[in-house]
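My questions all concern the structure below.
Per-chain numbering from 1; labels A, B, C and D assigned in written order.
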Amino acid sequence: MITKIVANSWEATEGITDGMTVMFGGFGLCGIPENSIAAIRKRAVKQLTCISNNAGVDGFGLGLLLENKQIKKMISSYVGENNEFEKQMISGELEVDLIPQGTLAERCRAAGAGIPAFFTPAGYGTEVAEGKEVRIFNGKPHILELAFDASFAFVKAWKGDEAGNLIFKGTARNFNPMMAMAGKITVAEVEELLPAGSLDPNAIHVPGIFVHRIYKGDHFEKRIEQRTVRQRKTS
Amino acid sequence: MLDKNGIAQRIAQELKDRYYVNLGIGIPTLVANFIPEGINVEFQSENGILGMGPFPWEGEEDADLINAGKQTITALAGASFFDSATSFGMIRSQHIHMTVLGAMEVSQNGDIANWKIPGKMVKGMGGAMDLVASAENIIVAMMHTNKSGESKLLPECSLPLTGLGCVKKVVTELAVMEIKDGAFHLIERAPGVSVDTIKAATAGKLIIDGDIPEMKL
Amino acid sequence: MITKIVANSWEATEGITDGMTVMFGGFGLCGIPENSIAAIRKRAVKQLTCISNNAGVDGFGLGLLLENKQIKKMISSYVGENNEFEKQMISGELEVDLIPQGTLAERCRAAGAGIPAFFTPAGYGTEVAEGKEVRIFNGKPHILELAFDASFAFVKAWKGDEAGNLIFKGTARNFNPMMAMAGKITVAEVEELLPAGSLDPNAIHVPGIFVHRIYKGDHFEKRIEQRTVRQRKTS
Amino acid sequence: MLDKNGIAQRIAQELKDRYYVNLGIGIPTLVANFIPEGINVEFQSENGILGMGPFPWEGEEDADLINAGKQTITALAGASFFDSATSFGMIRSQHIHMTVLGAMEVSQNGDIANWKIPGKMVKGMGGAMDLVASAENIIVAMMHTNKSGESKLLPECSLPLTGLGCVKKVVTELAVMEIKDGAFHLIERAPGVSVDTIKAATAGKLIIDGDIPEMKL
């Protein structure tokens, strides 16, 4: 077996340098690689192009890299709820490339699947399609989209084993599996790191071959963005 | 005239048994509260769940279980979790029978604009472009006019588009309109709302064919 | 919840008609929809175009439909080990379209993912590429391949629930998940059919939305094609 | 001269620590029996397993656990199962470090033909076209000549191709050859085999640069 364990988030982020394109798993604050983000902040690398569905919030998630001025460009589908982001975007400090969420997911998946380009109907007739090839399939116009190319992918899983196999929980799965498959170097932080043979081989979401470094996160805050609940009736 | 819950309730009448449904943020989310009796539907949220249930009981929130609006939710028996590529795969391959979303503008040929106001902070389209490019049955839930009193039902959208010719129905506080043949076809009035009120609030081509019934909620 | 249970293989195959294009999961004889194949044989529909990685063997798997002259065309990646197949192919009775296995898998996946076409490097410079568009990405030629279009997909899973969720075992997964996602009507036969809520929602391979009919197979022969073993040393 | 096990044993010397490897049917399968000491590798089979182990003990065969040659196998600790799309995804995205497969013909620029003989029954290419179009490191294991004694190392393939310019090394019962710059470069002789014997059996351009060492097994 090929083991992928590294000691900690510092070791796991070794090799990230200024100007790189890097992916971050997560949807909103759900399933984000908190520990790797903290280490990247500590490493103070600059001019990053970040591929991530969202850009975190002020003071958490990718917001931590934004406020530290480490991000040159965000490639995302939705970037609300973040004042620092808005400030840097309006001042022109931060470039932003907004793309449809499904296209974002599929461009990650394509990278991990060795598919350099594919056609999708999403965005046809909108500014997203500008400059892109259009072709009709089954009577419907589609646009050509390209696979992403990322030097690093940082993902967060629930359980992992020393072979790099990953299992996610609930909707914390989201973009993590495709990004794990897409990274040239994929770094996974997990809540539980187990010996090989501990996970059901039928239940693995990301086979270890896609994961280059795995470590147990020190601490997971798992902040909730919108706490919505039903009130219990008191009798 | 309907309130937000009224709009949601009217849209819920469009649900059919065995529908898989994607509900957008805002009024669309409320539709889940008005599922007609005897109808089984399943809700998908594009961040990776089928079989989405109601909000959790207080104290039972799970940070790993949210909907596309980032709200804490629950999963019903028979639910499944999946990644975002699979999620939009089921959307693009038209396994979702009905999509309900909000809009800033809708045009008489079914174009929709709901993601960008030039000159203002742009938050992004999220999954809306994939949804409107794929779903067969797109219903817009919105107010008939904007805060300045201008009609949101237009001959042509003035804002950047989210999708072309995709909206099938619009439900507002005033009316239900079907979009076909390049026009809004008025099919129901909200309780107490006159045809003239709807006419006045609709800038796009409005077809009024015979007596327009008042909707039943 | 939307239930997908049908009574048996006969009911599950209702609606299949002459000349249809249908998919069958499985790799070799591993993970094939044995019970649906038997029912389709009983229904005696003809002129089927079958998308399946293999064509079964004499007397088992799709071999049963071949010997009953129900198949007009096979779309497969490998069709050895089948005398009836060979006879019909050489006589011209049976059309055969051979395509690379990864392309076969990806064309199924594309259908289920609403991607009408994609570029792949497989087959460039070979007869598989004849008549297909070639384009260079990252300095390497790729060919354009189209999503499949199938009226029915017949798959076999290990466990399923009444909502249509499927879980596969071992390498019996193979083509089944993508075909399940690709079929206009997808029919799943399972070894164990359970009430909703019995399966871990994190461990589901095919969400129920893709499955239109599910039933518990009467009998699974699960024939082994190449029984290879290590001999125990007797002391 | 090597037998099949010898060819496999020589190819096993190409394995490096932490390699993920795909072995084709026939001689390539035997490579797994000769992993050098101190080297950790994992075997992938394209029908959907990583971490493939040896054949099962008699009586422990599982019909749901086979390799791409349809043989019953086992899974090692740390193994994973996945669908065919994911499997070929990892192949196309070059996560597999080494692919070993058989061939009918190899040309001096690295073309390979191994799936079709016109006029004969054609069984299909299986996963070979995907593998050769994707892998960076493709090693062919085959006999130097065919049953009629004709060289299988040719200036150009005469049979329909499986892939273009993709083979990096060929190991036969006679020799190890590297393919580069449009020629076979002889790098090792099999034990007891002369350079002249290899020359005589090679129809394609063969570069012999200095003394050619005998391989060590």
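Quick notes on this structure:
By our rule, a residue touches a chain if its C-beta (ideal position, glycine included) is under 8 Å from a C-beta of that chain, and two chains touch if they have at least 3 such contacts.
Predicted, not measured: the structure shown is a model, and the values here were computed from it.
Shared contacts of chain A and chain B, meaning chains that touch the two of them, come down to C. Chain pair with the larger contact count among A-D and C-D is C-D, by C-beta pairs in contact.
The centroid of the Cα atoms in chain A and the matching centroid in chain D are 36 Å apart. Taking each chain's centre as the average of its CA atoms, chain B and chain D sit 56 Å apart. If you average the Cα atoms of chain A and of chain C, the two centres end up 32 Å apart. Separating the centre of chain C from that of chain D, both taken as means of CA atoms, is a distance of 28 Å.
Multi-chain contact residues, meaning those touching two or more other chains, occur in chain B at positions 75, 81-82, 85, 88, 91-92, 134. For chain C, residues that reach two or more other chains under the stated contact definition are 106, 113-115, 120-121, 168-170, 173, 201-202. Here the chains touching each other pair up as A-B, A-C, A-D, B-C, C-D. For chain D in complex with chain A, the touching residues are 18, 20, 40-42, 44, 50-51, 75-82, 85-86, 88-96, 134. In the complex of the two chains, the chain D residues touching chain C come out as 45-49, 54-73, 75, 81-85, 87-88, 91-92, 111, 121-130, 133-134, 160-164. Residue ranges of chain C in contact with chain B, taken from their complex: 1-3, 111-115, 161-163, 165, 181-182, 195-197, 201-202, 204, 207-210.
The touching residues of chain C, when paired with chain D in their complex, are 27-31, 53, 76-80, 86, 89-90, 96, 98-106, 108-109, 120-128, 158, 168-178, 205, 222-232. Note for the complex: chain C touches chain A at residues 106, 110, 113-121, 135, 137-138, 142, 146, 167-170, 173, 200-203.
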